[in-house]
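One chain, chain A, links the two complexes that follow: it is found with chain B in the first and with chain C in the second.
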Partner chain A sequence: MTLESWIPIGMFLLVAMMIPTGLIGLGFAFGARNSRPDIGGNRGFAFESGVSTGHAGRQRNPIDFYLTAMLFIIFDIEMVFMIPLGLVIQDLGTYGFIELLVFVGILAVGYAYVWGRGALEWE
Partner chain B sequence: MIPKPELDWFAILPELITAVGAMVVLLVGMGRKQWNRVASIALTSATLIATFVFVLMEFNVSRYGAFAGLIDSDELANAGRLIAVISGLVAVGLAVRGRANDGRHGEFHALLLTAVCGMSLFAASGSFVSLFIGLELFSISLYVLCALDADRSASLESGLKYLIIGGLSSAVLLYGTALVYGATGSFDLAVIGDSDSRGILLFAGAALVLGGLAFKIGAAPMHWWTPDVYEGAGTPVTAFMSTATKAVGFLVLARVLVTAFGAESSTWVPIVAGLAVASIVIGNAGALGQLHLKRMLAYSSIAQAGYLLCGIVGWDTTGIPALVYALIVYTAMTLGAFAYVVVLEREIGRDATFADLAGRGWASEGRSIGHALPAFGLVVCSLSLAGIPPTAGFFSKFGLFDGAVESGYAWLAVVGALGSVVSLGYYLRVIVELYMREPNAARAAAAAVNLPAASTGDHRWSAGTQLPVVSGLAVALAGATLLLAFVPNKVFELGCDVKANLAQRGDDCTNVDAAAAPGPVAQTAPAAAE
Partner chain C sequence: MPIWEILALFVKGFVIANLIMVVFALMTWVERRLLSFFQYRLGPNRVGPFGLLQPIADLLKLINKENFKPNAVSAVLHLAAPIATLFFALAVFAVIPFGNEDWNLFGWVTPSSMAADLDVGVLFAIAMSGLGGYGVIVGGWASNSKYALLGALRACAQLISYEITLTLAMMPVLLMTGTLSMSKIAEGHLDWSIGGWHPWFIVWAPLGFVLFLIAALAEANRAPFDHSEAEQELVGGFHTEYGGLRYAAFANAEYLHLLAICAIGVTFFLGGTSIPGLPDANAWLDLLSFTVKMAFFVFVFIWIRATVPRLRYDRLMRMGWKALLPLATAQFLITALIASQGWGRA
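Our next item is the complex of A and B:
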């Protein structure tokens, strides 16, 4: 294996490293820091999925948001899988359609479980 | 029209049965009524028994390259499937009435079935893609199973640690797979084995794959998660994952190393031998100082992984048949030991230490033979784990070390034999406690103080509950450990088929007679295992 064949990997690594350093560096260079001291306090905190991070750590956090978000992501991804299947479903014929039904059936079992267990109820 | 690949449904029927079973059990187990609990146990057992029967019927049928090369269903796969199914059945039995209070019986049984499904896919995978899917399927199920006793912080800790370590090992394995694909252009194990690509990329990939699988089988130096995870998880789950995960992990490790990287064996055999030495040393040294029974068994399982790796070292002679035999024996004796731990935990209502064993070997007033017999089962399993002759553990170790010697690794067998001597230090302590100490409540309580607080309070078993099914399993598994000592030839033959399939070079098992010889006659032969 010659050295040249590693060039693509090197370029990949370079780009991969440029993305995070670029993002952090650009924000560091151009981002406004404490330009308005009255709201500067909150800017310093990380954005945490819509939940306020500005309080002491030892307190109860509502879990509804995370649970719903997780369930959304799971079902969302499964739906994404159907898009390529939808493009070729004509070519796959009956077999492809049955496969699709099986897939949706497994999803439905998961949905029934989530529903039945009360994970969708917002308290 | 897109051409449909050749689909051999029979090649994945065990996985299909368990997957459908898991979905049904998940829905049935959602209710919290008595009939829901009974139904989920019954359906889980029925699913596992159906899988068992099917695998047994089709045991010798090899179906290579099913599903466009993703599945290689052969004797090796079927051996792994059988072990996973039996471990699953034992775990169901050990957990009977264990979830009466928390209503998570549906999740427990469904996850157990998905874990078995993932393991059998893992064992039958003919390509790195299906191998990874199987690995993730059973790993994710096990993460949740470990953390299922969510009201015990030890259980949550165990689940979290296993999740992080498991994620790391999956990442390592996946990265190795990517490098191997880069070197050979294929995920198919047989194609990788046939490719003439050599070099640093393939070597690095193979090393990462070996590392990722070594996490799963708990071989040193990738062992450090084992004690904490085994201690924190519920004991039926620990029993299941310490046997089934390890067994399929070893079988797949053998398949990957021999089928895909057979040509590089001169490189990986010394590395595997090094892992074996590290596991034997660290496992035995670690187990010596343990007070907690499950931690002791966890370290002992690291040491056992070291002995089992000797079988892979001797893959080109008699190692693989010996490995298959040893895995079956390992499953029986480890499940037996954990079964008695469950018996004990249910009786005392907290995690068990060595001090809790004191005097339990004798039947006295208040303690019938039904209490003493399972304790004798623990004795049998301990002796077998140590490798004392009349038990199957002796023959399995003999076979493993014999394979290593035949392949020119006599020093490894010496290390293993020395490790076995050290292991007597903790296995015999079990017998000393059971038969030579008086039961002493104060001493047991003092020992329990040293347990992490999480293991003593809020234990899932309420003290004093005793079930015939659990005690019966402890006795039956000890009986199986003894029985397996009398059929090594039969199981060795099975292992020979596995090996012939692996190497795909016909009957290459001429050396097996030497290893299969250890019937009761060979006890006087140079005892490598002692």
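Our next item is the complex of A and C:
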């Protein structure tokens, strides 16, 4: 695979970049201007359904999100290993299949551990 | 590569990308009309014949909206997030094989009707649709609002959880085709046969197809998994602080994401452009067949949105990790057995 075969991708990505920037640019060019600058900053507060905004939006978050992201990395790495093995499994035959079983088996042990420790639970 | 050829590639990319934008515009109309019919009302039918010009009216309205930026946001990120999201959503279409035949346009034969036949097309598609999550989380963080941040976190956790299932559900087809090129995968079912027939991969991996459908719903943030914008809980989710065309870019990206996943599903499980009993169709028929299959996918997604209530978030995550993941692995192992033994190879 030569560098030249990426030129079509590059051209498409160029177009794909032009469309969103053009769209947002249209908003800058033709969007309505602020007709009441005298109201000042109040209209720019974060939306909180009419309740007082209180402190800033960036605050402490549940740990579950962080945990999920970590688990995702483990399983995504698994996919990274699985794809090359999967592509050649027809050439490897039974040997490749047993290899795959061993790999999935090791992974299953980790999966069972994570399940048992309750990392997959959400409250 | 000579400069005119690069220019031709640019024009081709331009045509494909803009056709996709037209399909997106039509799809918003189709979705609103269909949802209306499901709910025993008429939906948008005033602008143009059958309301077909409604998307154009919507666009004109959105262009006229003030390009508003709330006080507390990070200005650069707030602007960059919708652009990035739409960019990544569009980029997936670079490797979608809308047809494998060459097109004969006024005596000038153009290459096949996909923007780029990459050897690693599948990886490119997965990567680009995965990068879309960045736009969501950056947009939510830059908004500096509680609802937006929580919506972004939810969306991100959901995206990454279901991305594993999505990739794992696609693996059976990769096992059987042994390639990452989207155009070769679309024709891959010809190498396998049951009793002289060459069924699509949906027959070889039915469970994989169902799991792909479910994971695709979650990946595209569609009901019943639209937790990033659960309006009863989070106002508008990660795009609460967005308006006008910036919001439109997010909505646009969401629809494009759905279309892209539909197209990938058609390529993987429904035989791409192939028509049963008609092996030598021309490029137009190929495109028609691909479009009909995609329209079916889209209809099913709209149908599900009109039928199924939203899942609670903890149940959504539990289902993803505890039910879909083992099932997808089971399908993966079964297909691995078939592929490694070569049962049914033509």
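Quick note on the criterion: the second predicted complex is superposed on the first by the 62 of 123 C-alpha atoms of A that agree within 3 Å, B and C clash if a C-alpha of one lies under 4 Å from a C-alpha of the other, contacts with A are read in each partner's own complex, and residues count from 1 in each chain.
Please note the rule applied: contacts are C-beta pairs under 8 Å (C-beta built on N, C-alpha and C of every residue); 3 or more make two chains touch, one makes a residue touch a chain.
Since we're looking at a predicted model, the values are computed, not measured.
Chemist: Touching A:Val109 in the superposition: chain B (first), chain C (second), both, neither?
Modeler: After superposition on chain A, A:Val109 lies in contact with chain B alone.
Chemist: Is A:Arg117 touching the first partner chain B, the second partner chain C, both, or neither of them?
Modeler: Only chain B; A:Arg117 stays clear of chain C.
Chemist: Touch check for A:Val15: first (chain B), second (chain C), both, or neither?
Modeler: second
Chemist: For A:Gly93, is the partner it touches chain B (first), chain C (second), both, or none of the two (neither)?
Modeler: A:Gly93: touches chain B and chain C.
Chemist: After lining up the shared chain so the two structures overlap, which partner does A:Phe65 touch, if you call chain B first and chain C second: first, second, both or neither?
Modeler: Touch partner of A:Phe65: chain C, not chain B.
Chemist: Return the chain, chain B or chain C, that is in touch with more residues of chain A.
Modeler: C
Chemist: Do any residues of chain A touch both chain B and chain C, and if so, which are they?
Modeler: Common to the two interfaces on chain A: residues 1, 88, 91-93, 96.
Chemist: Touching chain A in the complex: which residues of chain C?
Modeler: Result: residues 1, 6, 9-10, 12-14, 16-18, 21, 62-67, 69-72, 79, 82-84, 86-87, 90-91, 93-95, 115-119, 123-124, 141, 143-150, 153-154, 156-157, 160-161, 163-164, 167-168, 171, 174-176, 178-180, 235-236, 240-241, 244-246, 248-249, 252, 313-314, 317-318, 321-322, 325, 329, 332-333, 336-337, 339-342 of chain C touch chain A.
Chemist: Can you list the residues on chain B that touch chain A in the complex?
Modeler: The contact residues of chain B facing chain A are 1-2, 4, 23, 26-27, 30, 199-201.
Chemist: For a test of understanding, state which residues of chain A touch chain B in their complex under the given definition.
Modeler: It comes out as residues 1, 88, 91-93, 95-96, 106, 109, 112-113, 116-117.
Chemist: Going by the contact rule at the top, pick out the chain A residues touching chain C in the complex.
Modeler: Residue positions touching the partner: 1, 4-9, 11-17, 19-21, 23-24, 26-28, 30-34, 41, 44-49, 56-59, 61, 64-65, 68-69, 71-72, 75-76, 79, 82-83, 86-94, 96-97, 100-101, 104, 111, 115, 120-123.
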